[in-house]
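First, the structure itself, so that you have it in front of you.
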Amino acid sequence: MFAASIMDNLLTAPVIAFLVALIATLFRFDVRLPESLYPIISTFLLLAIGLKGGRALAAASLADLWKPLIVSIILGIVTPLIAFTLFRFAGRLSVINASALAAHYGSVSAVTFTVLLTTLEAREITYEGYMTGLLAILEIIGIVVALFLARGATEGSDWKSALSEVVRGKSIALLGIGIVIGYVVGPTRLAPTDPVFVGLFAGALTLFLIELGVIAAERLRDIKSAGPVVVLLGILVPLTNGFLGALGGAAVGLSTGGVAVMAVLAGSASYIAAPAAVRIALPQASPGLYVTASLGITFPFNLTVGIPLYIAMAQALT
Amino acid sequence: MNTVPLQLVTIISESVVEQKLIADIKACGAKGYSVGHVHGEGVTGKHALDLNGPSIRLETVVTEKVAQAILDMLSAKYFNKYATIAWMTPAQVTRPDRF
Amino acid sequence: MFAASIMDNLLTAPVIAFLVALIATLFRFDVRLPESLYPIISTFLLLAIGLKGGRALAAASLADLWKPLIVSIILGIVTPLIAFTLFRFAGRLSVINASALAAHYGSVSAVTFTVLLTTLEAREITYEGYMTGLLAILEIIGIVVALFLARGATEGSDWKSALSEVVRGKSIALLGIGIVIGYVVGPTRLAPTDPVFVGLFAGALTLFLIELGVIAAERLRDIKSAGPVVVLLGILVPLTNGFLGALGGAAVGLSTGGVAVMAVLAGSASYIAAPAAVRIALPQASPGLYVTASLGITFPFNLTVGIPLYIAMAQALT
Amino acid sequence: MFAASIMDNLLTAPVIAFLVALIATLFRFDVRLPESLYPIISTFLLLAIGLKGGRALAAASLADLWKPLIVSIILGIVTPLIAFTLFRFAGRLSVINASALAAHYGSVSAVTFTVLLTTLEAREITYEGYMTGLLAILEIIGIVVALFLARGATEGSDWKSALSEVVRGKSIALLGIGIVIGYVVGPTRLAPTDPVFVGLFAGALTLFLIELGVIAAERLRDIKSAGPVVVLLGILVPLTNGFLGALGGAAVGLSTGGVAVMAVLAGSASYIAAPAAVRIALPQASPGLYVTASLGITFPFNLTVGIPLYIAMAQALT
Amino acid sequence: MNTVPLQLVTIISESVVEQKLIADIKACGAKGYSVGHVHGEGVTGKHALDLNGPSIRLETVVTEKVAQAILDMLSAKYFNKYATIAWMTPAQVTRPDRF
Amino acid sequence: MNTVPLQLVTIISESVVEQKLIADIKACGAKGYSVGHVHGEGVTGKHALDLNGPSIRLETVVTEKVAQAILDMLSAKYFNKYATIAWMTPAQVTRPDRF
């Protein structure tokens, strides 16, 4: 039955698009999307996720919200610490590199998150709508905590300005205004924009994953140089964090779908907001390490095995 | 028309540093700049994953002195941290007061 | 009740998107859309508006059309004259600058127009469908009249070539072929393209207004240097022109919605076609003046206060 | 009745968009789409066609498929040979140029193909869904055969690498991964992406044809230098190949719609995949010749007269 | 391979003048040109709102004489009206008949 | 900061040859390159219809010797087949080992 669940998840359009593009690239087929499409689609996805979250927050009551919110904040602090500890001591990386990785695993992969939602909807498992709102919060906290960890190892004075640059940077800012617009306008008045921000979402995500497949294929070569411990941790860290997320979600009484979402929020690693943030705040950290781990290992792992596993955890816990 | 010799400094860097780099070249004395987009390859490899697209190509026409200041600044703050490359070309302009 | 109407209009997705992006930019958040998206969306909006207008003209009979058409032409001549007079004598601007502003206020803001339609539809006020066809006509006449005003102050020989450049330029040409394609193909055969040109419209407009919000924020700094009289006229001119438009619309017996549309056609100021036209034909005019007035003052004014006011005028007059 | 059928086909949005843009460009109106839109739309169309084909292949049984497949392969060999012979001996072109043209006429125009489908659907003529799958096969075979013809006239050693470059090149690769993704994911699980890959198709095609109209207008000047024989063959070759296609389709018992599709597959000339392939493999061939013939003559001919003719052939043969 | 010295003229201007500028440099004797897109900042400020995107960056390799003619033409018709900047760089080419 | 003289080679060509051209300049000894997009006009006319957009503009900073090798390679393999143009500009860089 778990195998069936894996297949079920695997066969969605975005996941297959990712794998087919990855394999095609390895065989030297040129399936890269036009250069100008990548920023357009990522902007679109961030805004659409933000609008969805803001609209859901508008519909939620504070009574429903406060417990999951606190769990999110705790996860936002704990998950980068766990990632830091494992990469620093089990992985024997430098403080800077371990912090960089902590920023990625403390933050969230909006794409993994969305694939989970697609799977939940396909399998008719309901979840709390306001969870998308928590995504933005976790996305930011995880990065901030990780940058804080690296504070000692960097030129101190720049830390604050780096932080403010990160928060004002494109990916968090777009997510943020999406949430605000969605919250203020509300579901009814947003309806005319639904053909764009709701209707086009799955298709845009599929296109985006073609591009990510190409990039992941190019990163596969770096895996060898990253070493087997990083590969192992690229699977272990999301599993640990995902399990914690599931526990936290179950502890505050979320539905099965909600628990799975919390697991993915905790267990996924960012590869849009975090790399940009880390590049600015921790330029000495090695992108060959953190992009490879987050996009080359954890992302495909979560997409194929992780998501069904988090759903299984959620079903066991609720 | 009389022309005056200046220096054209061209910098290729990661798009993530665009704002920072603009501030830094202004601090060195540049009065203007233009930014385009490129992708490429160098010693640090191919393509950088970034929301703003691959790389930026900034060019600024400046006096010899400012050009030197920009190269020094790049050495201190960019070359060892970001995938950055820069070169300097002699350039003739009219209206030297603009640069 | 008027306050409610203001709120009603304010809370639509495009208006909130504009305001949120404007405020975010003032607080130095980077919410600018990808560079390649701006020309794509403006091309799309112009074509979509053209198609809508052409399709509506195909459905309208000449008997319905000729009176509103004549009113449009008169407004196309009168509104730039009023703008010129006020900016030249009350605003004490040069002939060139006053003509440049006249081109903007004589022409039409397609976005303001569209936000009005969205509001009318939300409030279930019907309007004559062929009004979109009049938009293109007014858009062009207003600019031509204004350029004519400046003729004396510019190098005469260039005037005709500037005019032909303007009419053949991207924004009017795209609007134009949209109208022709829409008219020739007609509503039934256009149906397969509706998911793009109708369905995506509101969402694309929302994205466009995020970008306009960013640009408006950057222009706010110029307001100080433009001076208080320009700010005042940036509100007075659209009100005057809008009122004339409403009178004209009522005089030829348009419906309440149609009168409001006529008011917005007259009262709005262009910031796509006109700046490009003025830049070519009157390069000595100051963009810091006309873009600031039209995009920085009149556009937000119309979006927030103007539209409900024009609707109120229309309701009073019909 | 045939005249009515021509009008019927002519008045669809994509065809009128092509003609209006062509005429507007001749009158020097600037209706060119933003530079970044062309690669985006062609990428989208190739992927969408691939997905449609792959999904249809997934639904078809091998028993239905094998006969049309063999006919496609035969057409893929015969049609470039016919084109080569006519252009080489009736048109007196060099081996290189005749081979270049053979690659175009042996390959397929995905846009002509799609306009036919739109027309068939509008006239409620059914066709075998898996035909889109054959498109990719024909697209490739025709090019390969044509390059093979030119083998003697080019530096031999490069031939194989040129071929592999062509097959791995963007247009065939995108079509290919579209087919694979569509086939693996299947119709049901593709549904969430339908608003993008199905819903936006007709609108995107219309935009694409505006751009092709502009390019065709720019190519019209080259027609004079190409000479009247090339113009004549630009009509004769598609008619001959289209007729062969119709015969082949009828021979294996396809439906009326299916026979018309087979005629268009054989009778249309490529102007996305083939020019890129020929540019790489046969750089000495003259683009002024092959782009003009395929895009400037055959494409408008097929769009206006060819498609109704192929449908009439199909109706006569079934 | 023998190379011949020519001048590379680079012009940054508003995208709205693209067609006009191309006609003008051809009239000065340029036989070819390339246009890309940039955004930037100078004395007239940042970003120009335009349907074609921010600014154009046109470059043309020409003879010394044509280069001078282009600079003169820019002074007469562009510098005081449009946000325009230009510089000239020495360039070596093969096939000088092409320029 | 000490700078060292090198050559900046700029190549405009059809986007369809991008991968091939990159391989060829690497074979000549180029250690890095940057590619942008332009449209333009030359003796072979305007605009090339291609899935990747109009034309590519590749620039590479190399030693004098590599620059000559690239120009020779272009003459042999590109100039007579593809709409290609190239020029060479003197450029000063720091960190000469990178080029």
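Order of writing sets the labels: A, B, C, D, E and F. Residues in every chain begin at 1.
Going forward, a contact is a pair of C-beta atoms (placed from the backbone, for glycine too) under 8 Å apart; a residue touches a chain by one contact, two chains touch by 3 or more.
Labels paired with UniProt names: A, B, C, D, E, F = Unannotated protein.
Quick caveat, the model's predicted, so the values are computed rather than measured.
Enquirer: Please flag the chain sitting at the greatest distance from chain D, going by CA centroids.
Expert: Result for max centroid distance from chain D is chain B.
Enquirer: Given the two chain pairs A-B and A-D, which is bridged by the higher number of C-beta pairs in contact?
Expert: Of A-B and A-D, it is A-D that has more C-beta pairs in contact.
Enquirer: Using only Cα atoms to place each chain's centre, name the chain farthest from chain F.
Expert: Farthest chain from chain F, going by C-alpha centroids: C.
Enquirer: Could you work out how far the Cα centre of chain A sits from that of chain C, in whole Å?
Expert: 41
Enquirer: Which integer distance in Å separates the CA centroid of chain B from that of chain F?
Expert: 19
Enquirer: Just how far, in Å, is the C-alpha centre of chain F from the one of chain D?
Expert: The answer is 34 Å.
Enquirer: Two or more other chains in contact with one residue: find those residues in chain E.
Expert: Where chain E meets two or more other chains at a single residue, that happens at 19, 36-37, 39, 52-53, 89-90.
Enquirer: Would you please write down the residue numbers of chain A that are in contact with two or more other chains?
Expert: Touching at least two other chains: 30, 34-36, 39-40, 43, 170, 195, 199-200.
Enquirer: Sort out for me which residues of chain C touch chain D in the complex.
Expert: Those in contact with chain D are residues 36, 39-40, 43, 47, 168-170, 173-174, 176-177, 180-181, 184-186, 189-190, 192-197, 199-200.
Enquirer: Which bits of chain B are touching chain F when the two form their complex?
Expert: So the residues of chain B touching chain F come out as 12, 36-43, 55, 57, 68, 71-72, 74-75, 79, 85-90.
Enquirer: Within the complex, which stretch of chain F touches chain B?
Expert: 1, 3, 6, 8, 22, 31-36, 61, 89-95, 98
Enquirer: For chain C, which residues are in contact with chain A within the complex?
Expert: Listed in rising order, the residues of chain C that touch chain A are 11-13, 16-17, 20-21, 24, 27-37, 40, 118, 122, 195, 199-200, 202-204, 206-207, 210.
Enquirer: What residues of chain B sit close enough to touch chain A in their complex?
Expert: Of all residues in chain B, those touching chain A are 14, 16-17, 19-20, 37, 39, 45-54, 81-82.
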